[in-house]
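Here chain A shows up in two complexes: once beside chain B, once beside chain C.
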Partner chain A sequence: MRKRKLIDLARPSRQHWLGYILLAPAVILVAAIIAYPLLISIDISFQDVKLPRMGAARKPFTLENYQDLFSSPEFWHTCWVTLKLVVVVTTACLAVGLATALLVNNRFRGRRIARLAVALPWAVPEVIATVIFAWIFDSSFGLMGWLFIKLGLANQMVAWFSDTTAAFWVVATTMVWKGYPFVSIMCLAGLQSIPEDFYNAAKVDGASALQRLRWITIPSLMPVLGVTMVLVVLWVFRDFSIIKVLTDGGPLKATQTLSIMTYNEAFGFFKFGYASAVGVITLLLCVIASMAMLGRGSKAMY
Partner chain B sequence: MASISIQNVYKNYGALNVLREFSLEIEDGEFVVLVGPSGCGKSTMLKILAGLEPASGGRILIGGRDVTDLAPGDRDIAMVFQNYALYPHLTVRDNIGFGLKMRGIPAAEIRRRVDEAARILAVEHLLDRRPKQLSGGQRQRVALGRAIVREPQAFLMDEPLSNLDAKLRVHMRAEISALHKRIGVTTIYVTHDQIEAMTMADRVVIMKDGLIQQIADPDTLFQKPKNLFVASFIGSPGMNFLSTAPADGAAIKLFGKKVPVNVSADRLKQAHSNGGIVAGIRPEYISTEGGGTEFIVRPSLIESLGSEKYVYFDAGEHTFSGLNDEEARKGLIARLAHSSPLAEGEELKLSFDPARVHLFEGRSGEALN
Partner chain C sequence: MKRITAQNIALYAGVIAVCAFLLFPIYWLFVTALATSAELTQLPPTFWPKDPQWETFAKVWAERPIPLWLLNSTLAAVGSVALSMFVSVLAGYSLSRFSVRGGHSLGLFILTAKMLPATLLVIPLFSIFRSVGLIGSLWSLVIAHSTLIIPFTTWMMKGYFDTIPRELEQAAMVDGCSPLSAMVRVILPIATPGLAATALYAFVLSWADYAYARTFLTNEQGSWTANLGITTMKGEYVTDWNEVAAAAVFIAVPILIIYLFLERYLVGGLTAGAEK
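Then we have the complex of A and B:
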């Protein structure tokens, strides 16, 4: 008779064991590096902590951080900047991403290279891309200033990072450049799953190219676009390196988003309790925004 | 409604000739079925007719108007697709009215015409549902509704029933025929199913490898097939083929008997030297009642369908393997309306009427009678 194995995972009653065993390392890791710090920062946000130290005694519970936050004009200004950036960057990313996806979805010579070119910005590390954009928008040697003069849009080099409006748009442009390839790749995958006969039927029905886009392509892509939009919104919310490297939130905090504010309060002014409160609010906003959008966007239609 | 004239249309993909010179005159209100095995060019022809694919050459006229290089939407045709191509994000009402909306017809008019089409197809109660909430047959009806609501010059149907189960297919087949009788629009219907072709068509166009094999009404196709391919394609179970040799005079040798045929001795001799003579007998024309040419067989298999029996037996010396191996291996079939029990391996006397025998030339496959 064959010897029975000590732990036979192939037994029907133990089928699910293997799943848990395989899942365990990832769960433990996530708990250690995400869940634990998250709980700590929620805890700190309810204490008056300047600089936290391991083993320090707990400070008394207080709502002061949140009271300060909601009465601070800077916080509301930061929220407004974040909202503006989310709306502008998400809209532009979706528009550019969809347009490029439609373009490279056509059959033409060199389509592979075109698809690669569309996806390329995604492969460039964020900090490197940002440094390049910082040079493009440099107020003394920048390519963009030169281009504006050549095109007759400006008389002299533009000081991009001294003007609040200009700085905001420079940040937005950089983020769109970095963010649209993701939308493009998602849309391309979505486009390829639309049955050819939908278009044939519409053609026979006399729909023009624009009508086919409006009535078939975009509605068919809605599930993909919904999920993609949530991911782009979250990315804009949390993105730190582009703004940090490009403007560091300036000038006059015109480009300070919630993530930059969190960083500045914590590591600039060493107000960890206050910074944690900003972080918790950001988290809440992200959860609410993504739940609202997923609820609408991912409604299955097939 | 309009007549359709297809003149010498052909299609190449590089060196690949998917459709040879195709010419067909379709009368106003006619129901024409293009049928053939997959890859025979029937769907390509339909797509060219719809304007979804360009022809490499030739002309197409719909109602006397040259539409060869017109956009699909300008041809005034409606098409039903194999997978229905219903838009999942639109309700049934919007799906049916899609074509009208794209043409900028006023909403009230669209509403009236969609209601009318829905009434004809009995899908009024489904108008506010979405395609995914419909059954296969209902989707099929909605797809038909989308075609009839436009009141086009012609319907093009690309294997519209192949996604349905067998029972529903029979039902929808009759329904499409009835619809055609009722509204009388010229219809071109593509299928690979010879039963659909036989039951629905006014005229059938049989195609193979991009070439038209025969254009005829279903009865002619069944009784006077022009060549071996048509004879083998039409009918279920398929025609039995026997390789044979000429006897003295206007006759052939079958099962050791001399069978008189209405083909001259010279013609038979000529065919015999041209790849041999192939005799075709339909399974339904073999009987147990005697008379005509009689022969004895030992059935290798008997299938009972209740009302009738399929008797399989070996062709022996007459085995013909010209079409394909499978054809040769299955042997011969007799379709008998015999209710008394038959046993496999027991001798059985069968007979056929010599007048029912089809003769073909072996190499070209052309019919001799």
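Then we have the complex of A and C:
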């Protein structure tokens, strides 16, 4: 038999081997740093673990964490807060994002700059955005309190972060400001892919600007809007830094989402098993929600 | 050229008003950084600094370990971007060009990983890092940030490779290239804009992290990243808002610059998947 190279990747019958070799590093890394930790967290969610040690003896299997969770009013309250925040922030982000995108999609001089400006908050790190809003809503010398007095909405400075309703709206406002630019960016990309001919044809047929928006722009944007909505929902669902820095879930857990609850149960109260159970539920809800919203179109997420 | 019409003026007025309203918080950040301490503790607030305190920037830079924080953030970002890009370029190419058995399921798994809450993954990662002694080290962030980045970059790279015609490699192989060198010498150079866009986006993802830094880095100030450092300046009772704002400017500016000058690339990466 002739000697030949160990793996001759140029041979047509061997070419797909290269595919496996190229995929291998990703498979190994994803298995080690995502899949394996995920399995661990699912595993400890079924154990009575406080602060887990790797290599420690397994605790017996128990459903206690999930039982405690579903019978805890705090959990249901947290779900309700999360749902409220998701609905409010997603709706507002989509509205502001779409409106700004339509505005700067007009033809005018300097629209490149306007496009950059409209989506600028996207580039502000979440923690920085949070710090800015914490100062704007400062209870002693914050701008917003002063504005509320000026507008006659309040008699004195508002203690935004000690009132449950006010704190919720502060969190929502911050998230909308940080979240809408993403929608603008996506909508602008979507708007640019609508052929000019559609509009010209509609103009010839005598369609008004409003009719063109209703019957051409919005339907053409629907696929993009759908994907964008899912991504925004997932972001609000899982976001940590804005709420953690702004309110840490308070006051009275009025701004505590599932994500914050997971973190605080683990690193505030050192109940890792219980926290993992909350996290696993959050993940399940994320997967179910995005599948429900995208349906068969889930390929678009790629 | 277009004539100036009433409609045009209304459009300009609208655009300027909307931008001014939406960008006000960024303006407010700069105004606060330049304000005097007295201006920050009086109402009505000062909307235009009469006596801009540029020295606040110098003071914060000197008194707080901000250069170190920025360095730490950069190192964590460079490390995680390098690691993630290495595996996702190869994997993206493989997913784009070869019908590998199991490739589809890997793709789906990575897709699901996009939905993983960081607050769930941080729990097992903390246990693992604690047992191998990575707590407090930037390596913990390199690994943790890769879990955020890889799910995005793999699919972005696959998307870019999908736009490059297969005929290019086939031509290279007819000319005697091996499949591997066809990829390295022909496809990767063509994909450079895509690579740059993806890496930039990954950098921004890593730079924005707060959850992992907060959990894995210890109490030692010098090991903090920029985002973690600035949250500690926001005190429980008293906060020097001008100093916080000045520090925030230092931390926000790198990303703002990337965005302003390389927006085309960043946005290209962001929207690559959604337009199809």
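As a working rule, the second predicted complex is superposed on the first by the 287 of 302 C-alpha atoms of A that agree within 3 Å, B and C clash if a C-alpha of one lies under 4 Å from a C-alpha of the other, contacts with A are read in each partner's own complex, and residues count from 1 in each chain.
Just so we're on the same page, a contact is a pair of C-beta atoms (placed from the backbone, for glycine too) under 8 Å apart; a residue touches a chain by one contact, two chains touch by 3 or more.
Quantities reported herein were computed from a predicted structural model and do not represent experimental measurements.
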Identify whether chain B and chain C fit side by side or clash on chain A in the overlaid structures. fit
Which holds for A:185: it touches chain B only (first), chain C only (second), both, or neither? second
One more residue to check, A:121. First (chain B), second (chain C), both or neither? second
Hey, in the superposed model, what angle do you get at chain A between chain B and chain C, Cα centres, nearest 10 degrees? 80
With the two structures laid over each other on chain A, which partner does A:290 touch: chain B (first), chain C (second), both, or neither? second
Contacts for A:195 in the overlay, against chain B (first) and chain C (second): which applies, first, second, both or neither? first
Determine, for the superposed model, which of the two partners chain B and chain C contacts more residues of chain A. C
Name the contact category of A:204: first (chain B only), second (chain C only), both, or neither. first
Let me test your reading of the model: by the given contact rule, A:87 touches which partner, first (chain B), second (chain C), both or neither? neither
On the overlay, how many Å separate the closest CA atoms of chain B and chain C? 6
Would you tell me the residues on chain A in contact with chain B in one complex that are also in contact with chain C in the other? 301-302
Under the touch definition given earlier, write down the residues of chain B that touch chain A in their complex. 50-52, 71-74, 77-79, 81-83, 85, 87-90, 98-99, 102-103, 130, 132, 146, 150, 156
Contact residues on chain A for chain B in the complex? 195, 197-198, 200-208, 211, 215-216, 219-220, 222, 301-302
Which bits of chain C are touching chain A when the two form their complex? 8, 11-12, 14-15, 18-19, 22-23, 25-26, 28-29, 32, 40-45, 83, 86-88, 90-91, 93-95, 97-100, 103, 106-107, 109-128, 130-132, 143, 146-147, 150-151, 154-155, 158-159, 173, 178-180, 204, 207-208, 210-211, 214-215, 227, 230-231, 234, 239, 241, 244-245, 248, 251-252, 255-256, 258-260, 263, 267, 270-271, 273-276
Interface with chain C, chain A side, in the complex: residues 9-10, 15-16, 18-20, 22-23, 25-27, 29-30, 33-38, 40-41, 44, 52-55, 96, 100, 103-104, 106, 108, 114, 116-129, 131-136, 138, 140-141, 143, 146, 150, 177, 180, 182, 185-186, 189-190, 193, 223-224, 227-228, 234, 237-238, 240-241, 244-245, 258-260, 262-263, 266-267, 272, 275-276, 279-280, 282-283, 286-287, 290, 300-302
